[in-house]
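Quick notes on the structure that follows.
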Amino acid sequence: MRRPDRKINGMAHLESKYAEAPCAPAKPVRSGKAARRNFWGGLLANDTYQAVVDVLLKNERRQFWVLAAFPLAWVLFAHLGPVLQMFWISFLDSYPPTAGRQPQFTVDNWVAFFQEAIFVMPFLRTLVYSAVFTACTLILTYPVAYFLAKHVKRRNQLLFLLLLLIPFWVGEIVRTYAIMIMLGNNGALNLALKSIGLIDRPIPFMYTGFSMGVGIVYLTSLYMLLPLYSALEKIPNSYLEAAADLGAGSWHRFRKVTLPLSREGVASGCTLVFLISTGYYATPVLLGGPSTTVFAETIAGFFHVAGDKWPIGAAFASLMLITTLGLTGIFLKLMGRSGKGLMK
Amino acid sequence: MTRHTRILMSVIYWAFIVYLFVPLVLMVVMGFKDSKFIGFPIRGWTTEWYSGVMQDAEVMGVFAYSMAIALASTFLSLVIGTWVACFLGPYKFRGKLIVFAVTCLPAVIPGIISAIALRIFARGIDIEPGMLAIILGHTVHNVPFVALVVMARLSTLPRSHIEAARDLGADAIVAFFRVTLPYLRPALIGAGIFCMLLSFDDFVRAYFLGGYDPTLPVLIFAKLRSGMSPEINAIATVVLVLTAALGLWAERSMRRLNKGAS
Amino acid sequence: MGYSANDRQAVVRLDRITKRFGEVTAIDCLDMEIMAGEFITFLGPSGCGKSTTLRILGGFERPDEGRVVVGGQDVTRLPPNKRDVNMVFQDYALFPHMTVAQNIAFGLELKGRTRGEIDKRIGELVDFLHLSALRERTPDQLSGGQRQRVALARALAPDPKLLLLDEPLGALDAKLRGQVQVELKDIQKSTGKTFFFVTHDQEEALTMSDRIVVMNAGKVEQDGTPEDLYFRPKSRFVAEFIGETNLIEGTVRGSDNGAIVIDWNGLEVRGAAQQGSVPAAGQSVVASLRLENVLCHAEKPEQPNAVSGRVVHRIFKGSRMALDIRVGEREDAVIKVYMDANEAGRFAQEHLWISWDPQRLSVLHG
């Protein structure tokens, strides 16, 4: 850029013009589009707006509270509220309240859980099943995540991931149904086994722990895959190359370098899958049978029938919440992490 | 990695893809079966199930209902989630970690418990099971996701941009609408589409918070309780096509936006 | 432009500004005026308080004590959007979702100007800063130098009384930086705007400024023209910070015909005191000798301050040679000299004599 050849007369001229009336707009040159003022400029010039803003944004402290008020209220009311209220009514003896009767405080609802096998069994069953399914999902998806993170070129990774994501957009009911079709007595699996001559009569896969497991693993694989992939992708290849350079073989490298470094991903993935799988209602109902009743069904039972069973249902739900979150917390502690570390 | 490991890994990936897609493909195919009964082998083919679904006013009504709920809850989630993110992101204060944990709470509670808690809560604030309750339930569930996505994007906005806006005459509100919000656009679109999908696909909350009218997943579930039929396949396939299309469109626009407005 | 210092009005007054961050005093009672049309640079190392001063002027920090007056108006309590001051940020902070034209228009829109006025003003600035071809581009389509010009245009558009520039050349490569320094100076002269420039690069400050304020640990070390600071540094800090120099530490023996006699490691050398302060005999002093003022001779010259020395390092720098010459036994008894390539050939021997004009050995305070 060479020296400007002419002085900027316009600047000096405009300077004086603006200096005369810094806030009042100058007369429009022509009418129509050129005379339009920007919305925000107009807003800032508006007296009412200025008055409101002067109150709201007077100082840093006030600005903070104006911004914080609604989120805090929402989070307390809508996020925490339902859980707290659930706990609350688990200690009442009747809910919704009947006319002319004050609900009494009681722990009977909680005690009731331990007294009946038809309550305790599904509860334990749920925990065991979920743990098993989580482990299966881990074993199933770890190689896939490893492949994605280490064997696919970086720029293709998104594409490969995208392909994996597509089935998950479809929703749990549709996918559960798809599994039902596959595992039925006339389903694809039986057909395949028959056609290669392994069996004569169809195997009753459906309404068993197996079918429920297939369904749940099918539904939750992505929640294990993504954290695993994310963790594995972060391991620099140079670590593995250095290990190889120092004489470590494939399996050794995996055990000593890759596996420990992917621990955080394993922890996240397992946590997610465990929590999600305990929460399923439709899939166990559709794919499972009477012998595989999960606690979700037990809880649901109290809410779909008579209205006055809510307190027990609330107690059971609270119990399940405490247990699952507690188990998750212990698991994470064992894996050497405290909390999610998602904040920055 | 050795060539053998490479091939093995590759096979595992594609086997997994097949494992994910095959049930869905089978489901679609079964919808063309010319018979009332679900099962293989398929002897005759027909499109009557699909055309029947398209013309079924009840199904189309349910679809519109699900859509309306998804749109409403997505809008609410975006507004609330963004507000929460703008509060949690930049400010440091005592108890921030607790507030963050409570914000994420709906996302980590197992589905059934979340649905039950919301059901009780709705009763507590005098909302009947129905559309409003479901919208509320979906909003509560989706806000954490929106907040996380927006917070991630917000953390990459240099402080100097806001200072520059203020330097040029903007107060905090104008700076938000003219600088911050446009910057957040890719995150908002991504989060929005994610919310649409979550809401559209949701079962537990819609089941427990719903009234007489079902959402699409609830409808399918109800029909399945009375037994399978190709009609259900057709409905399920409609859902499949729609959600897959929505998801793919989302990915494409996210990709384009991230290239443009970084 | 032809202004003399007397013609200028003070456009900014910093009235005993103090700013603390916890235990640290970032600015310690800064008290000065900035004249209209001046290109003033605040220069110093990291943490000296120059950026804090800039941010206080812009309204992004509030001083703990003191007042800020801009254009006759006390703006101390005013937020940035209410001041007639605009800033060019270090990372330019161009709004990524807006074109060049929209970025430039931003400030004017918020002031409520009509579309016609804004377009006219954009046109002027775009022509002036050679951005015409880039009007409709977005920031990610611009080079570093182009972005800098857009940031400048955007800050100039609302016609502020004071323009702040926060180390805006740091992101540019060396060659471009030199070019842009000259351009910025030209722009400042053409527009007649008051520029408040912050940098840690002393060469940059010397190139562009009408006036430099050297800051160190929150205090002003020296405030003057580039020539003042270079030729007449008042303190050791300024002498070392600006340009390259040899520092001679010794004890005063007395004065002799206006020159100060200093005992430097047993050698007797003569220097000049600064105006108005003659150090007493026995006092320890530091004196500054710029490298270009050291003369080299093959044999003992008939000049004052003739000292013999031994060349310990000979460093080739292309157009010139740098020599380290040891003149005594102590560690610090090394004089650095620049010699152009032709001359260097004549001084291939190990031993030589150096001398300097006593006026060039500047005796400093502290």
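Chains here go by letter, A, B and C, matching the order in which they are written, and residues are numbered from 1 within each.
The rule we apply is simple: a residue touches a chain if its C-beta (ideal position, glycine included) is under 8 Å from a C-beta of that chain, and two chains touch if they have at least 3 such contacts.
In this text, all values refer to a predicted model and were calculated from it rather than measured experimentally.
Chemist: Which of line, ring, star, complete and other names the graph you get from chains that touch?
Modeler: The chain contacts form a complete graph, every chain touching every other.
Chemist: My parser should flag the chain pair with the most contacts; which pair should that be?
Modeler: Summing C-beta contacts for every pairing gives the maximum at A-B.
Chemist: Averaging over Cα atoms per chain, report the distance between subunit A and subunit B in Å.
Modeler: Result: the chain centres lie 11 Å from each other.
Chemist: Any idea how many Å lie between the Cα centroids of subunit A and subunit C?
Modeler: 55
Chemist: When you check subunit B against every other chain, which residues touch at least two of them?
Modeler: 169-171, 174, 178
Chemist: Spell out, as numbers or ranges, the residues of subunit C touching 2 or more other chains.
Modeler: Where subunit C meets two or more other chains at a single residue, that happens at 110-111, 158.
Chemist: Enumerate the residues of subunit A that touch no fewer than two other chains.
Modeler: 40, 44
Chemist: Of all residues in subunit C, which touch subunit B in the complex?
Modeler: Subunit C reaches subunit B through residues 58-60, 79-81, 85-87, 89-91, 93, 95-97, 106-107, 110-111, 140, 154-155, 158.
Chemist: Which residues of subunit A touch subunit C in the complex?
Modeler: Touch residues, subunit A against subunit C: 1, 3-4, 7-8, 10-12, 14-15, 18, 22-23, 25-26, 28-30, 33-38, 40-42, 44-45.
Chemist: Okay, in this complex, where on subunit C does subunit A touch?
Modeler: 84, 109-121, 124, 128, 130, 158-159, 179, 183, 186-187, 190-192
Chemist: In their shared complex, at which residues does subunit B touch subunit C?
Modeler: Those in contact with subunit C are residues 158, 160-161, 163-171, 174, 178-179, 182-183, 185, 261-262.
Chemist: Taking the touch rule as given, give the residues of subunit A at its contact with subunit B in the complex, in rising order.
Modeler: Within the complex, subunit A touches subunit B at residues 40, 43-44, 53, 57, 63-64, 67-68, 70-72, 74-76, 78-83, 85-86, 89, 95-96, 140-141, 143-144, 146-148, 150-151, 158, 160, 162-167, 169-175, 177-182, 184-188, 190-191, 218, 221, 250, 275-276, 278-282, 285-286, 296, 299-300, 303, 310, 313-314, 317, 320-321, 324-325, 339-340, 342-344.
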